[in-house]
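Both of the next two complexes hold subunit A, though its partner changes from subunit B to subunit C.
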Partner chain A sequence: MTPTNLPKNPKIGAAQIRLLERLTNACSVSGDEGELRSIVLELVRPAVDEVRVDALGNVLATKRGQGEGRPKVLLVAHMDEVGFIITHDDNEGFFRFETVGGADVRYLAGKPVWVGKEHIPGIIGSKPIHLTTWEERRQPISVDSLRIDVGPGNGSKVKPGDRATFATSFTRLGPSLRAKALDDRLGVATLLELVTHAPQNIDLLAAFTVQEEVGLRGAGVAAYALDPDLAIVLDSTPAHDLPSWDGSENTRYDARLGAGPAIYVADRATLSDPRLVRHLVETAEKAGIPYQIRQPGGGGTDAGAVHRQRAGIPSVSVSVPARYNHTPAAICRLSDWKNTLALVYAALLGLDGKGWKVEGV
Partner chain B sequence: MKELIRTLVETHGPSGYESKLRELVRAEIEPLVDELRVDALGNLIARKGQASPEGKQVMLSAHMDEIGLIVTHVDENGFARFTTLGGVRAQNLPGGRVRFMRGPMGVIGVQYHSEPYASSFEEMFIDLGAKTRKDCPVQVGDVAAFDRPFTNMGERLVAKSMDDRIGVAVLVETLRQLQSTPHALYFVFSVQEEVGLRGARTAAFGIDPDLGLAVDVTGTGDTPKGVKMEVGLGKGPAVKVRDGGMLTDPRVVDWMVRTAQKARLPYQLEILEYGSTDARAIQVSRAGVPVGCLSIPCRYIHSPSEMVDFGDVQNAVRLMVALLSEPVTLG
Partner chain C sequence: MTDLLALLKKLLAAPGLSGHEAPVREIIAEAWRPLVDEISVSRLGSLHALRRGDLPEPRPSLLISAHMDAIGLMVTGLAGEFLRITEVGGIDARILPGQLVTVHGRKDLPGVIVQPPSHLLPPDHHEDHVSLDNLLVDTGLAADEVRRLTRVGDLISFAQAPIELGGEVIAGHTLDDRAAVAALTVCLDELQKRQLAWDVWAVASTQEEETLGGAATSAFQLRPSLAVAVDVTFASSPGTPSYLAFEMGKGITLLMGPNIHPALYKVFKALADRLEIPYKVEVSGPHSGTDAYTMQVAAEGIPTMVMGIPLRYMHTPVEVVSMKDIARAGRLLAEFAAGLDTETMSKIVWE
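After this line comes the complex of A and B, so read on.
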């Protein structure tokens, strides 16, 4: 593709949905993001002025704009996902494992997985109901008691240190998309689209980060290295917008599907820069893009590491809401993804270089 | 100085929303300093003096922010649900009043329980006098602070947000009284301390100081059946030896103690089991910085009625002036 063939504005169409499918079907558990990194590099390389892989494995790309006084804007999306790491070979194709990142042990038993770079199929085995007692079924299952079973034939291809993820293939469900690792392949796909259609009024610094799910580790060093004027983090926030079982009003939904991009005011790791929150809200209202304010409270994004770097970096996060994040299959609305891209792109076009770094008095 | 304290504590500035405080402090100190700037996170940084050959680059930090509440949901009957900004304690909330940064007042209510019961935040709500979601004057993401007037009891002063407006007042008063200094003094009025020392961390990176000193409040052990702690009100400012997040550089403790003794000022030594201050963030900035902390003893911290002793406050200013007027030799 040559630059002259590029469409003017970024968009989410059939090609971008196919890309999201490719991204979500890839395995990229924290600390072993190589598979995703190679896809990202393949797509970023032709579109940017500079790209490098840093010591932790972050992909850092720069796409310079034109004109005087351009702000250096860092956009961040994390490449890693929650999953498992093989810890011990029990022979006969059985492997012990630990969770990586916030995977909830309650839903692991009985789930199919892909192991290692070759996506060796396996299953987190569980005891069939025929053989369990009523008492056993009441007890929580510990990770120690679970094994990944890949069968004796493939056992020699798996070794301790290999990562594993849920074996869930991407599916389109009418207006929705279902996949594993929508957190944060939605952000990665959005950022790839923005990098390949970068606005000219800014220097776009893109960080495709590693190790977010184990404590925002990649983003901190990425922000240190790129030293931007401000940062926008693209992530996926869990939506718990289900009707309550007793008919009472749901007051703890975090975000809702179909209500547009979720703008962060505060989570456990970051108090968003109020100027950036205002800029996003005003941009959305001016452009008629639906948006929601994510419920303040827990959770954290790469912004938590970015905003504290160096002498401080004004930061905000925008998420595509998705139900059931960190489980084998999450669901998001295509419309929310489209509106997230539209909002961030419009917000970038509206940025100027004034006053982000240091306010002189 | 009491009028300054009153103005500071009656201004609202929860973590991340310190702009009113910043304007107020800026107006107070502008004529007293050589250089002023606001960094990217909102810290107000004022320089006074230039480092002479025997002087150092010193960072002094008192945080402008206070604990507060942030709206998570407005329900169909117009009640606002909330979560906390910083270490708010549930037992201090019911019946309290809060002021939203965009103006409206609210009352904190609790769901009904037939038995005496320690409620959680999830069972509380803010009543803004609205009848429906539509006429509620606040939205998800709106921020509020406690609303209480300043009470002058003579020796003892009571207000919300003595933590850490009293530290801010001490730094402002120090600037007023300081005649000369051999150092480049960076007075930092920091942001976002209550959510994890975030402002002091970036300010310290920007300043890259040789020495750091925080001024903040500390707990006391002098109330009925209180926590076991040596520090009490009225016995002088406290030189911090350790808290939950920092071991003070012993050379800095020595310097502070020596200076207090020489100036014949009362002081106490502070060992705090929990909590931390901006000094912790300064200490581990870049390649490491020697730090100390001067604490103002304070009862009922993180309640809407925090109490300090005015004599301790005045002696803290005197000690700060004595500390900063002379060259520092860390033994």
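After this line comes the complex of A and C, so read on.
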């Protein structure tokens, strides 16, 4: 007789894509992740043994498995996104703002935004081209010179301290998905799917973290509190797989769309645990899941904060590649997201408790 | 009565780049058809809508124009999954990265304009400088699909949906000059309950952003006694010098300058004063940057006037105007049209 109480395999289907749409259309700028946290809590609470919100606003959940000696595996995805914070009311519906996280300042002028918890629509305007000089158009537009304009009638609904995000709604583009904040709603959606379909051979510790974009601040305390044997960070890595201006080979692409989940070996914040890298690569090859090694170099994920906690936590990052992260509209391939979930799930199933604990030598 | 906000949103959502105005023209024709006696399309694509007057023929006529064409982009080349682009109309490339667009290929494809990282740009390229030549459009499609569905010369429209801001204010692309198309609609609406002595031609003109070819040829064909261009003007906004700009929502502008017949200007000014329609005087240089520039010199010459609707962030996909100013422009136009009689032309004379 087939047991009916085993969880089904996680997958990315229509429901998961709708969830990603809901997650990306929500606003959750670093330090003000409440909107996303409430969605995460709603979905996580029925699926886990324990869940709590810690002092920084991280959502920490535990889903225990079965059997002896099972490893405690921390999975991390950050809830926050880059955006803006209102700093001053200039009256008549105009507001000064600063960027939060690494919002790409080349992408601000002439864009719509959502301000505050009510998603008040606003505009980041730009000086008319008719009033600019040729020299001026060769210079970048400084953030200082820009304002968020919510219109004369909505000025009283916005106040300093309110956060704002790019106002881009989720769209399917053929084999791709376009949205704001794919970094890291892709990770959040993946982790939600894993939490609700947790493998039984591990204790799954899930950290939906805050303030990744402003210095990996949430993940550190989350990892300390959950005290795992090892950690896998689920993020979205920038794909710079664009053509070069003269048609020469682009050798610094970081990651490529369509080439599968990007496994981190090293970035500026973390040297990934080689055993975990090997485990992921072997799992992918055995299961026939495409993968790529994210080009070593700059950048950083929550793994940077996690691996240094306590006496050290073996860590690795697996990312869904996306172009134009930190801009109004990022693009990823649905196939990469599916393969990322498949790889991480298969890797979790292949973990046992041996080797991860601190032992005498 | 036309539901003006609904019509304007429909106009803002329609493509219609300079020289390719058919999609928006159909929407305007549908809105104007019940309001006029006759409607036709010119050889260069402008929409001509006639409301007949009751003076005996040959009747004098008034032409009111608003241009319906949009600025946008065009495909100049394919690069794998990406498209290279140039502009249609004047665009500051610095506002382009991150803009949502529709590529009008073999079918309409949504996309986004992006700037490659600096290591993929020419070596002399300044780190943060944005130049149109180096921007790309990403449709999210694989290279073979891009090759199948797009080609050089395909048009690209801004896809920014209209946004209602607080206080009867709307944002969107191509409010320059579809806000004025809405104002002409207000005028035609108002004129429903009025007797007209003169013929009134409402013209939604083409190609203003590139060559002014639409209004020039419509003025020649229709040979009006007087012509009024309604266009947008600079509204006060961050970075715009206050001496060049007018407060949005606080009234329209009446232009004076070489493109404007001074006597016609005086008639408009006196009328606005009498009706207590708020306005500011806008002094324009030798090129008003409107259809009036070409209408003035059509055929043997036509006395022209220009009205301005203050608009923020001109030539971005998030232009902003006040619905109040649109209504004011429409009302003043209607009152002017309704007041035209056998005596009018005797007042439009040089001192």
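Worth pointing out:
Note that the second predicted complex is superposed on the first by the 353 of 361 C-alpha atoms of A that agree within 3 Å, B and C clash if a C-alpha of one lies under 4 Å from a C-alpha of the other, contacts with A are read in each partner's own complex, and residues count from 1 in each chain.
Going forward, contacts are C-beta pairs under 8 Å (C-beta built on N, C-alpha and C of every residue); 3 or more make two chains touch, one makes a residue touch a chain.
Just so it is clear, the structure is predicted and the values come from calculations on it, not from any experiment.
Annotation for the three-chain superposition on subunit A: subunit B and subunit C fit side by side. After overlaying the two complexes on the shared chain, residue contacts for A:313 are found with subunit B alone; subunit C is out of touch. In the superposition on chain A, contact of A:338 is made with neither subunit B nor subunit C.
Partner contacting the larger number of subunit A residues, of subunit B and subunit C: C. By the document's definition of touching, of the two partners only subunit B reaches A:265; subunit C does not.
Within the superposed three-chain model, A:256 lies out of touch with both subunit B and subunit C [touch as defined at top]. By the touch criterion defined above, A:197 lies against neither subunit B nor subunit C after alignment on the C-alpha atoms of chain A.
The three-chain arrangement built by superposing both structures on chain A places subunit B and subunit C 130° apart around the Cα centre of subunit A, to the nearest 10. Of the two partner chains placed by the overlay, only subunit C lies in contact with A:127; subunit B stays clear of it. By the document's definition of touching, of the two partners only subunit B reaches A:274; subunit C does not. The superposed three-chain arrangement places the nearest Cα atoms of subunit B and subunit C 10 Å from each other. In the three-chain superposition model, subunit A touches both subunit B and subunit C at residues 252. On the subunit C side of its complex with subunit A, the touching residues are 79-80, 82, 90-100, 109-112, 114-117, 119-122, 125-126, 128-130, 134, 136, 138-142, 145, 160, 163-169, 171, 234, 237-241, 244, 248-249, 289, 312-318, 320. On the side of subunit A, the complex with subunit C involves touching residues 90, 93-94, 104-107, 109-112, 120-132, 137-141, 145-147, 149-155, 157, 166-168, 171, 173-178, 240, 242-247, 250, 252, 258, 323-324, 327-329, 331. Within the complex formed with subunit A, the subunit B residues making contact are 15-17, 26, 30, 36-41, 43, 70-73, 75-76, 81, 83, 85, 122, 139-141, 192, 195, 198-199, 201-203, 205-206. Residue ranges on subunit A touching subunit B, taken from their complex, read 229, 249, 251-253, 265-266, 271-272, 274, 277, 293, 295-297, 307-314, 356-361.
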